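Both of the next two complexes hold subunit A, though its partner changes from subunit B to subunit C.
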Partner chain A sequence: MAQLSLYRPGSSPLHKLNPLTKLAVMACCLGAAFGFPNPYWVVGFYLLFTLSLAAWGGMLKPFLVQNAKLILPFFLSLFIIQGFFYGGATVLFPLGPFSYTLEGVEVAFGFTVRILQAIAGMTLFIFSTRPDHLMLALQKHGFPHQAMYLVVTTMQIIPQFQNKALAILEAQQARGLETQGNLIVRLKALFPMVVPMILGSLIDIDERAIALESRAFSKPGPKTSLIEIPDSETQKILRWCLVAAGLLLVVWRAL
Partner chain B sequence: MTKTIAHLTDFSFSYAGSGTKAIQEINLAIKEGELIGVIGPSGAGKSTLGYALSGFIPHFFTGDLSGNQQLFGQETSQTPLSELAGRTGMVVQNPFNQISGARYTVREEVAFGLENLGTDRKLMDKRVNETLERFKLASLRDRSPYELSGGQQQRLALASILAMEPDLLILDEPTSQLDPAGAEEVFESVHTLTETSSTTVVLISHKLEWLAEVADRILVLVAGRIRGQGPPREILTQPDLEPWGIGSTQYTRAARLASSAADTSQPALPVTLDQAVGFFKPWI
Partner chain C sequence: MDKFRSEFTTRTIVLIPIAIAINVGVNWIVQQLALPLYLDSIGTVLVGVMVGPWSAGLTGVLSVIVISLFFWPPAVAWAGVAAIIGFMAALFANAGWMKSWWRAALAGIITGVVAAFLSAPIAAYVFGGVTGQAGTDALVASFRAAGLDALGANMGQGIVSDPIDKLITFLIVWAIMLGLPERLKTRA
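Presenting the complex of A and B:
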């Protein structure tokens, strides 16, 4: 099923961690990305800590593929722009009026590894955490369930609405609506597509609200959960340690 | 004595911004354990009646209301909707809109209402498993609700409400947006419900053959007014139904044609397959 979430189902120890612990891991990864003064330390952290966690979560290959996909545009733009325009005395090669310098490459390398580590921390979290589990964990700590509902539902329903939009597009095309061509043709096609979508959605809202109320959505009082989100004292301590480590790294760099 | 679950007395309602009454002067008492079929042409006020019986009128749909409206012995207007949730349940036409969107598997979807009611996890687990078995959803338990067919989604919507064990269930044309196979799945689920529970059900539908099989009482609604109510065979064989655009069951139509062709008059026309077999036996 199409979803906005990039969660990859699994039963690894990483998957089984409390979502808040994984959130703390992400905070630590972000702290390491931007906190270590030397970019080579960031590389070391990525290789030793982040990749080990990805392997522990049984998702090393898709994790690396995702990292590569996301870092590639940064890598290309940073190495080109910084290499040519940062300046510096050590010219690696000239290109017309421009010089590609070692100093520029070093700056680009620093930015790239920090971004890579930040992306990796977030990927680790997103790949191993089901959004509704995160919401349940947050709800347990007092976050309003209506807000949690909105976040999780959006992730599941937007792809469904995309399908609906596609169905409307096909239906209107079947009635002879021109949707291909220049800007004016496309703008003209927008109206017969948007109107059924909005009207349909307004009708859907009533039914959806009735369905939710029938399921006691707005009933006051404590909610329970079928799913047990695992947690332990060890994980609670670990969370604090990870967040503190991330913060310390950032403070260290700032000082 | 059987308890009255819902009671409407001289009840009329018009939606806010609408000058016309969607339902008017309705007098209806629904007894515990009854299965009432509601029929009528489009725009007759069937859904409005369903909303009035479930408490969505006046709490969700506002407008001009007159008469008396009671649910479970209390004035509906005095009982918050959140308090009625769990006691009344409503299944609407579009199965897709009834998927909460907040849960990732069929099993969790069934539990969603129970979670909102604050049901203990152990009891919830038991009820969810029982409901999945009862509505033949157990094999789909780990699937995403969005991966199911329309019929399966509507069965899931029904199961999700019934897991909450409501006293009164309103089914508002639950098969109208389904293909014949999907509709058949829902028919089977309602049969399962009638056989295995004493839940009071109000079933709004155009499928007269289905209503004839399951309903204890049929209520005819035309232009917002009740035009008749009684046992299925008595109501569904009335010639008045045709001019109101309601029609009659295929068994009744066949029997009527056969009777007129044979120039004989039989005392009671059939509305179900069993009755039709009995009716046509003398001709075979």
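Presenting the complex of A and C:
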């Protein structure tokens, strides 16, 4: 079955870590992104820590590609908007009534590297962690088991839904619905596409609920699982250290 | 707490992933039609109308988490706004505002204004006053050119985009509630 996932299968030590440990790594990365007072330290952290972990996970190249793809729009918007409108005395070049300033560039640089580090921390987690393994690990720590169903089902439903949307789009076009042209024409196409699609997807919720109930979905008590998520005392300690480091960094900047 | 628990029946648990898929799927259609809208909270508002505030809030948060996990990581910064949109939709539905189209439209506009005010500080302070999306950032740039600061420009962009977006969202949900079989409409 088609599943939505950016997970990159692998057998690196990073992949084998407990999902909660990787969640703690992400927290530390986010702390670093927004906690270091100086953006150059964020760059240093990104190069030394975040990229090393990506390399350790054997996914440096796709990781860098993904980072570049995600940061590019922010980079462009920030360097244009802050460069021209932040203000400041050091004019680099004028353009009509506006001037591009060094101060604006500095602000844009700061935000760009912080956003990059935050995106990188999340990508590290997303690329190396299977979502169902994360949910299993959370379940062990008292998360309701329904949460597992929510996440895994969502991953399966979204691709199905996109296929259905494409089918409805083509069917309505075949009946002569105009989906190209000016804004009003395209806006008019919205209702006949969206409403049948949503109604169609809601019809079978009772059947789905009955199917789950007949498999003891809401029965209380412990559930057994086919997959065991490895964990260790070392990782437990490491998790606390990582989260504490992330929090300390943020507190440091706030002070 | 009882109110909270009573919302989460098996049927609600089944409905939430579908609602998230609706959020993501309709947003995808909007992109296919190249419309200047988001329409990424139809599922959230629908859960608010069909079930209640807590499950709608959860749908909003989960939806944003799913979008950040599989499509666009920065989305997670707006998780709180998504939750409040769901919560507000449920409150409007409780007050009977989803029964006539014009009240639903008004509820959408109010929700949009609230969403704009809550989203602007996130764009301004976390993302340096941009959203990383060409259309909205062009709007932000024009407000900055008119002399507004980062917060003001993002607020302006939100006030232009969000109320119209939520107005259409609420009208679509109103239309769906009209077409929905009675057996699915019973609220928890």
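Assume the second predicted complex is superposed on the first by the 195 of 255 C-alpha atoms of A that agree within 3 Å, B and C clash if a C-alpha of one lies under 4 Å from a C-alpha of the other, contacts with A are read in each partner's own complex, and residues count from 1 in each chain.
One rule holds in what follows: a contact is a pair of C-beta atoms (placed from the backbone, for glycine too) under 8 Å apart; a residue touches a chain by one contact, two chains touch by 3 or more.
Remember, it's a predicted structure, so these values are computed and weren't measured experimentally.
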Taking the superposition on A as described, I'd like to know which of subunit B and subunit C A:R215 touches: first, second, both or neither.
first
If you tally the residues of subunit A touched by each partner, is the higher count for subunit B or for subunit C?
C
Once the structures are superposed on A, label A:I227 by its partner contacts, choosing first (subunit B), second (subunit C), both or neither.
first
Which of the two partners, first being subunit B and second being subunit C, lies in contact with A:D132: first, second, both, or neither?
first
Given the touch rule stated above, what does A:T153 touch, subunit B (first), subunit C (second), both, or neither?
both
Tell me which partner A:Q162 touches in the superposition: subunit B (first), subunit C (second), both or neither.
second
Considering only touches as defined above, state whether A:F85 meets subunit B (first), subunit C (second), both or neither.
second
Considering only the touch criterion stated at the top, classify A:L255 as touching first (subunit B), second (subunit C), both, or neither.
neither
With the touch criterion stated at the top, can you tell me which subunit A residues are shared between the subunit B interface and the subunit C interface?
149, 153, 157, 160, 208-209, 212-213, 217-218
So in the complex, the part of subunit B that touches subunit A is made up of which residues?
54, 56, 60, 81-83, 85-86, 88-94, 96-98, 100-104, 107-108, 111-121, 124-125, 128, 144, 146-147, 157, 160-161, 164
Spell out the residues on subunit C that touch subunit A in their complex, using ranges where they run on.
8-11, 13-18, 20-22, 24-26, 28-30, 32-36, 39, 42, 46, 62, 66, 68-70, 72-74, 76, 126-134, 137, 140-141, 144-145, 168, 172, 175-176, 179-181, 183-184
For the complex, which residues does subunit A have touching subunit B?
1, 130, 132, 149, 152-153, 156-157, 160, 204, 207-228
Which residues, counting only subunit A, touch subunit C once they are in their complex?
4-6, 34, 70, 73-74, 77-78, 80-82, 84-85, 98, 107-108, 110-112, 115, 118-119, 122-123, 126, 131, 146, 149-151, 153-155, 157-158, 160-162, 164-165, 169, 179, 183, 186-187, 189-191, 193-195, 197-199, 201-203, 205-206, 208-209, 212-213, 217-218
